[in-house]
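The same chain A turns up in both complexes below, where it pairs with chain B and then with chain C.
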Partner chain A sequence: MKLTIISKKTNLWLATAMMLLMATALYGQSATAVKYFTRNASASFFSEAPLEKIEASTTSASSVIDMATGNVEVAVLIKSFNFKKALMQEHFNENYLESTKFPKAVFKGRMPEFKSINLTIDGKHTAVLKGDITIHGITKPLETKVLIRSEGGKIFAETEFELIVADFNISIPSVVRDNIAKMVKVKLKAEFMELKKT
Partner chain B sequence: MPVHWKIKSQEMKSKLFLAAALILLLGGFIGYKMWNKPHMDISAAESFISLSAVDLVQAFKEDETSANTRFLNKVITVSGKIAAVNKEHNQTILHLETEDPMALVICNLDPFSTHEKTDFVSGETVQVKGVCSGMLTDVVIDRCVIIK
Partner chain C sequence: MKKILLFVMGFAGVWIGTTPLMYAQDDLLSMLGTDSSEMKKEPVTATFKTTRIVNFPSVVNTAAGVLDIKIGHRFGFVNSGIGELFGLDQSTVRLGAEYGVTDAFMLGFGRSTFEKTLDGYFKWKIFKQTRGKGGSPLTVSLFGSTALKTQKTNNSDREDLFVNNLFYTGQLILGSKITEELSLQLSPTIVHRNLTARPSEKNDVLGIGAGGRIKLTKRLSLNGEYMYVLPDQISSEFKNSFSVGFDIETGGHVFQLHFTNSTAMIEKGYIAETVGDWAEGDIHFGFNISRVFNLKKK
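And then the complex of A and B:
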C-alpha cells in the first residue's frame, strides 16, 4: 500500500518534471518561431492578346510567413488593382471579377522545405510554395517557386506564376474573347518585417 | 422608269452613304472616347461620408459584409494620425493609426493625381479622400488625395 503511494507520488513528480521539460522545449521553440509580415506587398498581372495588352497592379497586398510551420498566406483586394485605362478597370471589377461579390483573392499554402531555410541569417533561398489560390470564389491548387532573400533583418520575397482565366469561372463575352488572353502572368513582390507580438 | 426618278434614287444613295459614314465616324469617336475614358477625378469627386480611421476599422471589424456594402468602391474621407509612411514600389503609402496596432487604415496616394505634398512624418494628423477597397488585415483606401 505504502509502496503504491510512493510510486504515485514519484509518478506525480515525474509528470510535473516532464511537463516542465516540455514547456521549456516548447518555449524554446516559440522563441525561434518567427513570423514575418507585410501589408504593402505589390501584386501585378499581365496578359497579352493580339489586340489588347492588359496590365494592372496594386501595392496593398498583405502576407504572412510563419517560419515555425512553413505556412504562407497572401491576400489581395481585387478593387485595389489599378489599370491604366479606367474602362478596363471598370470591366475587370464589374463584369469579370465581380469584386463587390468577391472582394478578395487569397492564397493559403506552405513551403514544404521551410526547415532548411534560416531567415535569421543573411542569404538567398529558392523555395517551393504549394497551396490553394481562391479568386472569384473558385479555389485551385497552385505551386510556384519563390525567391527569398534575407538581409539585415528584412526579408524580400518574389514569385511569378501563370493562371488560366477560365479556371476561375470568369466568363468573357465571345465578342471580346479573342482580345483577352487566356493566360495571365501574375507577379508578387514583398518586403517582410518581423512580426512582434506585444 | 422616268429619268428624274433614277437621279433621285442616286441622290438618295449618296445621302444615305454620307449619313452612314457620319454615324460610323460618330460611333467610332464615341467608342474611342469611352475606351480612353479617364479615371475618376478624385479631387473633384464628392465624398460619400467623412469619418475617423478608428471608426472605419471598427465598422469593418464589427461586420465586414455590411461594411463592404456601405463603403466598398465609394469615395470616402478619412482622418487620422499617421502611424508610418511607406515609400515602397515608387508610391507613397500612409498608415493611419487606430486602436488596434494590427488593423490600420492604409492610404495609397493616387498614382494618377499630382500631389502637392508627398513627404509625411509619423504623428502628423491628416485627412484624406479616396476610394475604399475593403479590408484584409487593414482597411485599404486607394487613389487617395490629401485634403489637409
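And then the complex of A and C:
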C-alpha cells in the first residue's frame, strides 16, 4: 500500500486542510444562499361535477424556495385537507388518495428565470415554475405561473393549476361518475419568511 | 371460561404489530426539520364502513351533524323450502335513524316489526385510536340502549304492565383498525330484561361479542360477528348470534348484505332471543341500507 508511505504527521496535516476547505465551502454556500420557507401555506382544490361540487382546503402546506439555485419544493399532508362533508373527507382519504399509503403530495421544481428576480427588494414578479408533482405515488410534470410579491422581507406567492384525476391513478367508479369531476383546480397561497440557519 | 380467555388472548395477539408511520424527508424541505404536522397524532378513521358491523354497533360514529337513515331487512329462514321461496316470502324490518350530536356522541332510534319494538340508544366514543408518535391502538366506546316492546302479551295470568316490556343494554366496545384492511372489535355486553319469558331465565344476560371486517377492495368488505352468551342465563333453545356479510359502499350509501341466524336487529333480541341454528340451516338472508344526509355544514 502506497498510502502507508505518508507519515502520520503529513496525514494529520492533510486532514486538517481538507476540513478547512470543506468548512469554507460550506460557509460560502450558506452566505450566498437565500432561502425562504413557510409551514402554513394554504392549499385548496375545487372540482365541479354535474351532481356535486367538491371543495377542500388546508393551511398546513410547507414549502422552501432556494433563491441561489431557483429550486422550489412544496409538500402537503393529504390528511390535513378539510372538507365540508365528513363522509367526503373519509372517502377522499380512504378510497381515492389512500392517505395512509401516500401521506403527502410533493412538488419539486425550479424557476428557470430565478436570476432576474431579486426578492430582497420590494416588488412584484411573475415566474414560471417547472417541475414534478407527486400525488398518490404517481409523479407527473407540472408547469405553472407563480405570482410573487416581496414586501418588507416577506415573500408572498400564489399559483393556480389544473390536475387530471386519472393521471394520478385515482379511479372514479362509474356509480359516482356524475359526482366527481375528471379535472381538479388547485390553488396554493403562501407567505414565506427568510430561513435563517442556526 | 377457558374458551373466552383463549379468545381474548388471540385477539390481543393480533393487535401487536401496529406499526408507526414513517415519513421520508425531502431535500430542501428537510431544512425545515421535522414537520410538526407529521409528528402529530392522527385519529384513525373508517375503522368500519358504517355504524353497524351487521347487527352489532361498531366503533364508528356518525359524524357531527350527519343523519344516517337505516333500513334493516331480514327475510325468513332459507331452509323454509320452495313453498316459502326459501324465506323470501317473509320479512322483518327495522327502520331507524342515527344522528351525530358531536363527532364522539351519537343518538339513534328505530322501530322493528319484530314484536313491534321501539329502541333508542346512544354511542359515546370515549377514547380514540390514534396513529403517529405516541399513538394509542384502541378506540373505546360506550353504547347504551333502551327497548320497548309494544306488542301486547296475551297472557291472562299476568297484567301487562308498561315496565314489563322494557329492556336495557349496556355495552363497551373496544375496537382497533389494525391495518388498512383489517379491523377487529370486542364488545362485552349486558342485557337487562325487566321481565323474562320464563322464570328460569336470568333478568341480566352477560355476553361478549367479537366482530371484524376484512377490506376486500376499497369499496367492499367482508364482515363477521359472533356473540358468546355466558352459560346458564337464557333458555337452551336460544343460540348465540352469528352473522357474516358484505359491506358495499357507493358514495353516500352503504349496502350490507348478510346471512344471520338472528331475526331481531336490536341488542336484546339478537343477544338473548336468537332461535336460529346455523347447523340446522335456520339462516336469514338480509340487508341493511344506510344513507347519510348532511344536516349541518362543517
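We adopt the following convention: the second predicted complex is superposed on the first by the 167 of 198 C-alpha atoms of A that agree within 3 Å, B and C clash if a C-alpha of one lies under 4 Å from a C-alpha of the other, contacts with A are read in each partner's own complex, and residues count from 1 in each chain.
What we mean here is this: contacts are C-beta pairs under 8 Å (C-beta built on N, C-alpha and C of every residue); 3 or more make two chains touch, one makes a residue touch a chain.
All values derive from a computational prediction rather than experimental measurement.
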Fit or clash - chain C, chain B, common chain A: clash
Partner chain(s) touched by A:Ser62 [first = chain B, second = chain C, both, neither]: both
Winner by number of chain A residues touched, once chain B and chain C are compared: C
Contacts of A:Thr134 with chain B and chain C, given as first, second, both or neither: neither
First (chain B), second (chain C), both or neither touched by A:Val175: second
First, second, both or neither for A:Glu191, with chain B first and chain C second: first
Touched partner set for A:Ser42, first chain B, second chain C, both or neither: first
First, second, both or neither for A:Asn71, with chain B first and chain C second: second
Residues on chain A lying within both footprints (that of chain B and that of chain C): 39, 60, 62, 75, 77, 79-80, 82, 85-87, 93, 100, 103-104
Touching residues (chain side chain A, partner chain C) in the complex: 35, 37, 39, 60, 62-64, 66, 71-73, 75, 77, 79-80, 82-87, 90-91, 93-95, 98, 100-101, 103-104, 106, 108, 173, 175-176, 179, 195
List of chain C residues in touch with chain A within their complex: 21, 23, 26-29, 31-32, 35-38, 42, 45-46, 63-64, 66, 103, 180, 218-219, 249-252, 292, 294, 297-298
Chain A residues touching chain B - in the complex, by the definition given at the top: 39-40, 42, 58-62, 75-77, 79-80, 82, 85-87, 89, 93, 99-100, 103-104, 189, 191, 198
Chain A-touching residues of chain B, taken from the complex the two chains share: 34-40, 68, 72-73, 86, 88-89, 91, 93, 95, 101, 104, 106, 108, 111-112, 131, 133-134, 136-138, 140, 142-143
